[in-house]
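Same chain, two partners: subunit A is paired with subunit B first, then with subunit C.
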Partner chain A sequence: MELGPYILLATLEGMITASVLALTAVGLSLVFGVMRVVNIAHGEFFMLGAVIAWCVAQMLGGHPAVGFAAALVIAPLLVGSLAIAADMTILKRLDYDPERTIVATIGLLYIIQQLTLMSFGPEARPVQPPFNTRIALPWFEMGADGFKLIWPWGLGTTTYKLFVIVAAAALLLAVRLMMTRTKIGLLMRATQADREMALAFGIPVERIYALVFGIGAGLAAMAAVLIVPIQQAHYLMGADPLLLSFIVVIIGGLGSLPGTVVAAILIGLSDGIISVFFSPTLAKILATLLVGLVLVFRPQGLFGIRSV
Partner chain B sequence: MKVVGLHIGLLAVLFALQFVLPAYHHGNLARIMVLASYAIGYNILFGYTGLLSLGHALFFAAGMYGMGLGIQHFDLPAAPALIAGVVSAALVSGGLALLALRTTGVAFMIVTLMFAQAGYLTILYFGEWTRGDEGFVIAQSARMIAGIDLSDPTNRYFAALILFSICLVVCLWLIRSPFGKTLIAIRENEERVTMLGYSTFAHKLGAMVVSGTLSGTAGATYGLLFGYAGASFASVQYSIFPLLWVLLGGAGTVLGPFVGTLFMFYLIDLSSGITSAYMLIAGVVLVLLTLFAPQGLMGELRRRFWKGLP
Partner chain C sequence: MLELRGVNAGYDQAQVLRDLSLEVRAGEILCLLGRNGAGKTTTMKTIMGLLPLMSGEITLDGQVISNMPAYEIPRAGIGYVPQGRRLFTGLSVAQNLEVGLRARNSGADTLEEVLDLFPRLRERLQQPAQTLSGGEQQMLATARALCLRPKVLLLDEPTEGLQPSMIEAIRQVILKMRADGIAVLLIEQRLDAVLPVADRVAFIENGRNGETLSAETLRGDPSIAASYMGV
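Up next is the complex of A and B:
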């Protein structure tokens, strides 16, 4: 392939990374924004979503679409309830102290990861996509006889991949609507703005916290259900989404949802395109250094207004 | 006096133990003493200065690779290689401190985590030199200092004990010096220390370099004594371990790191016989500690029985 179609392909792949990443990172950002809790176990909630998707698909059998649709509902609910339970038993008792909650969520990370290893096993397991028709993509060429469309071999995508992008966009829109248009979103924003004042106005802050933690984990699980037919479910798969979400949330400005989405698209796209030219390890080194340096020199993030 | 007696007593017990312990536990204890030295280094920053770093594996690995690469690629003898390891840890910790200390709280934790992760990935990236995940074995012929073969169990135990004693004494001396007292004051109330006219930045910088150098010394010694350097020692897990050990033993106590390492080592050692998911224990202990005993074992001891325990 020539360079042009190659970049188009990388952009498409990048868009998929970006949309799943945006969902995961918005979950992390929501939790940080409202609760001021850095959830290191966020990647494990993502992993649990993928693992549950596999289990549901196995149990239901039949057409892949049935299992997929069921997983899209069951996984976020289960993972969300687990997160709410963790919030009520652990985080609440720590009084949401930032440093101690980090240590506790590190512990939670290992607990979830190792329990999955013990029950689900160390193998990577595939999940069938609900539909997967190949679409060939055209590319233009300026030949001797002028402008024409060609269909280069290998340039294409699948309906499922396009669906992932659309579904993620819809979910992000739903989160935005929830935050801006509903009562519960209003309560969340009030808690985020001033916890004490919210308490004084009779907002059940602790229940809001539990809910936010659940929604954050549920978003990660949903992102994982979307991506698992493309990747595979594995007990260590939480590490990369966690790192990337961190990068996105920090570059986008901690706790700012629009900034998070913009940064996710930026990172997702550049991740796809950079890894065409550089080795993935080098790309990761640059990304981690970028996060560190942004936090040191521009703690409010590239788009954000608030600092940590 | 009681304090000095306690620490000399512990070292004497450790010295005597090597004559009675069976070979397996003898080897374990040597390993524990080296890892406890790492934890002592970590404790100076976390326990006494109040800075929670999630990137100490970077310093441990800087020491280990400074030493290992020196032997592997520059044919250094063991002693200069060890010094190279210590120096590289000091440089790396100084460099990271200059950047990371511009931040506080959660940002400090994430910055140290990110730079350590970048360091880990760098080791993987230069796999041609470092052999990446697989690591490299340090030849037995290179592990000799002044004609003493460090791969021999008895010598290894002595070397580990010497390292541990040095770290313990340095830590005890440091926290009783004016410098150490200032560090503790920074942990308790940084604004007030600034107002009293101390440069908190300089003190934190000093604490981080001492902490990183001790950790790196432990890393270099670990590589030398056990003959192996690998990228897994630079991974996040090795940044979490000293945190776990120190939290378990008691942050801000001199003996806490050793007690925590000892407990955790045997806890994992016992459970790895039952399941391969031994990190589960680490996770459960971390959560339980933050919930019920943020002071750790020695911290509880200090709170209940012996107020003056350093």
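Up next is the complex of A and C:
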């Protein structure tokens, strides 16, 4: 097989990474943007989403689609409620102080991770995808008689992988509509712009914070439910999404949702392509290098607004 | 209408207000005058519940508001126009006003009335708030507070840095609010900006009450102000 099909394959894999990453990072970005809280435990909310998806699939049994559909609803709700509880019992008591919340979420990270290890165990456990039909992809060839479609061996994807991309895009669109078109989105953006004035205009900021923290964690959990049929659930799986989410949020501009999505596609695609042709480690090295460059030359991120 | 009784308040360990008492009546403009750092802005933030009260009591229409959570205080009927305008950046003019409308569930008729007071905002409804000129931003900050249909209006240096025509426009709105029976608490730096509109002037010095005089008296003898205002 020539180079072209490999690139197509790598791009497809990259798109899956990108779409799941975009969902996870938008959750992190929302929490940072509105609450100014750097949530180190975000990756663990992602991991919990995957673990809960496995548990739900095990308990329900039957056709994989039943468990999957249930997990897609139950996991974000459970993880979101846990996050709201963490917000009300921990972050609120720290007055959302930027430094102390970092330390607190590091603690939360280890608590969630170790509790999962003690209950779920150290094994990686697979979840059946709800549907998984193979689709062969065509490639073109310049033959003697001009263009010709061929079906190279090994070039293909599955319906589930395409579904992940579509579902993530739909969820991102839903988040955007929530922020721009709904009452709660308006209150969130007003709180993000000026917390004190939000209070002075009757916005219950603490309730908004709890909700935002819950939604942020719920988005991470949903991303994990989408990826777990491809990747398996494991108690340490939160580290990579956390690192990549931070990379994406910094490159895209802290608090900017469109910037986060663009950066997620950039990082996801390059991660996919570089991992296929070189090594996953090199992909991470380059992404981290890019963060360094962005921080030096454009500290507000690609889409961020420099504060006046 | 709005009454502060023996209020002590400040930032963390630094107490700013000491036993401060004030009363703003319905349909009057009370102006708070004092040097920089005397505690004028702190007084407003304390009324809004944005700073913790160490002791004392604040009532609105006889109802104690100083023990309410901060977000309930505007809902009780206090509109706040803060220093430096502090609009919600990133939100359009219309959305800034909507936040004001939602605070007390005011309807579309309130929005129409407010826009009639500030016709320039009507032309810019879809524009992001931060792209307005300084004067328009001040109009928006005032309009946002009026969207609450407040019983009490707090204005912190509403004419700071504005051109004379804008100052006049804002002043006319303040006078109209007084005529509608709203209690207005106004902070200004300069005495000459205050005297034409104020009914009473309360001086504040190092967070404590100074004299409270009628504007008549001050107009007759502006030298009284000198000791509170410095050079």
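Rule of thumb we're sticking to: the second predicted complex is superposed on the first by the 301 of 308 C-alpha atoms of A that agree within 3 Å, B and C clash if a C-alpha of one lies under 4 Å from a C-alpha of the other, contacts with A are read in each partner's own complex, and residues count from 1 in each chain.
Keep this in mind: a contact is a pair of C-beta atoms (placed from the backbone, for glycine too) under 8 Å apart; a residue touches a chain by one contact, two chains touch by 3 or more.
Fair warning: this is a prediction, and the values are worked out from it, not measured in the lab.
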Touching partner for A:Val73 - first (subunit B), second (subunit C), both, neither: neither
Subunit A: partner with more touched residues, subunit B or subunit C: B
First (subunit B), second (subunit C), both or neither touched by A:Leu199: second
Partner chain(s) touched by A:Lys183 [first = subunit B, second = subunit C, both, neither]: second
Which superposed partner A:Ala170 touches (first subunit B, second subunit C, both, neither): neither
Which of subunit B and subunit C A:Met118 touches, first, second, both or neither: first
Contacts of A:Ala136 with subunit B and subunit C, given as first, second, both or neither: neither
Touching both subunit C and subunit B, counted on subunit A across the two superposed complexes: none
Sites on subunit A touched by subunit C in the complex: 183, 186-187, 189-190, 192-194, 196-205, 305
Of subunit C, residues touching subunit A in the complex: 48-50, 69-75, 80, 82, 86-91, 95, 98-100, 102-104, 144, 148
Subunit A-facing residues of subunit B, complex: 52, 54, 99-100, 102-103, 105-107, 109-111, 114-115, 117-118, 121-122, 124-125, 240, 243, 247, 275-280, 282-287, 289-291, 294
Partner subunit B, residues of subunit A touching it in the complex: 38, 90, 93-94, 98-100, 102-104, 106-115, 117-118, 243, 246, 250, 279, 281-282, 284-285, 288-289, 291-293, 295-297, 299, 307-308
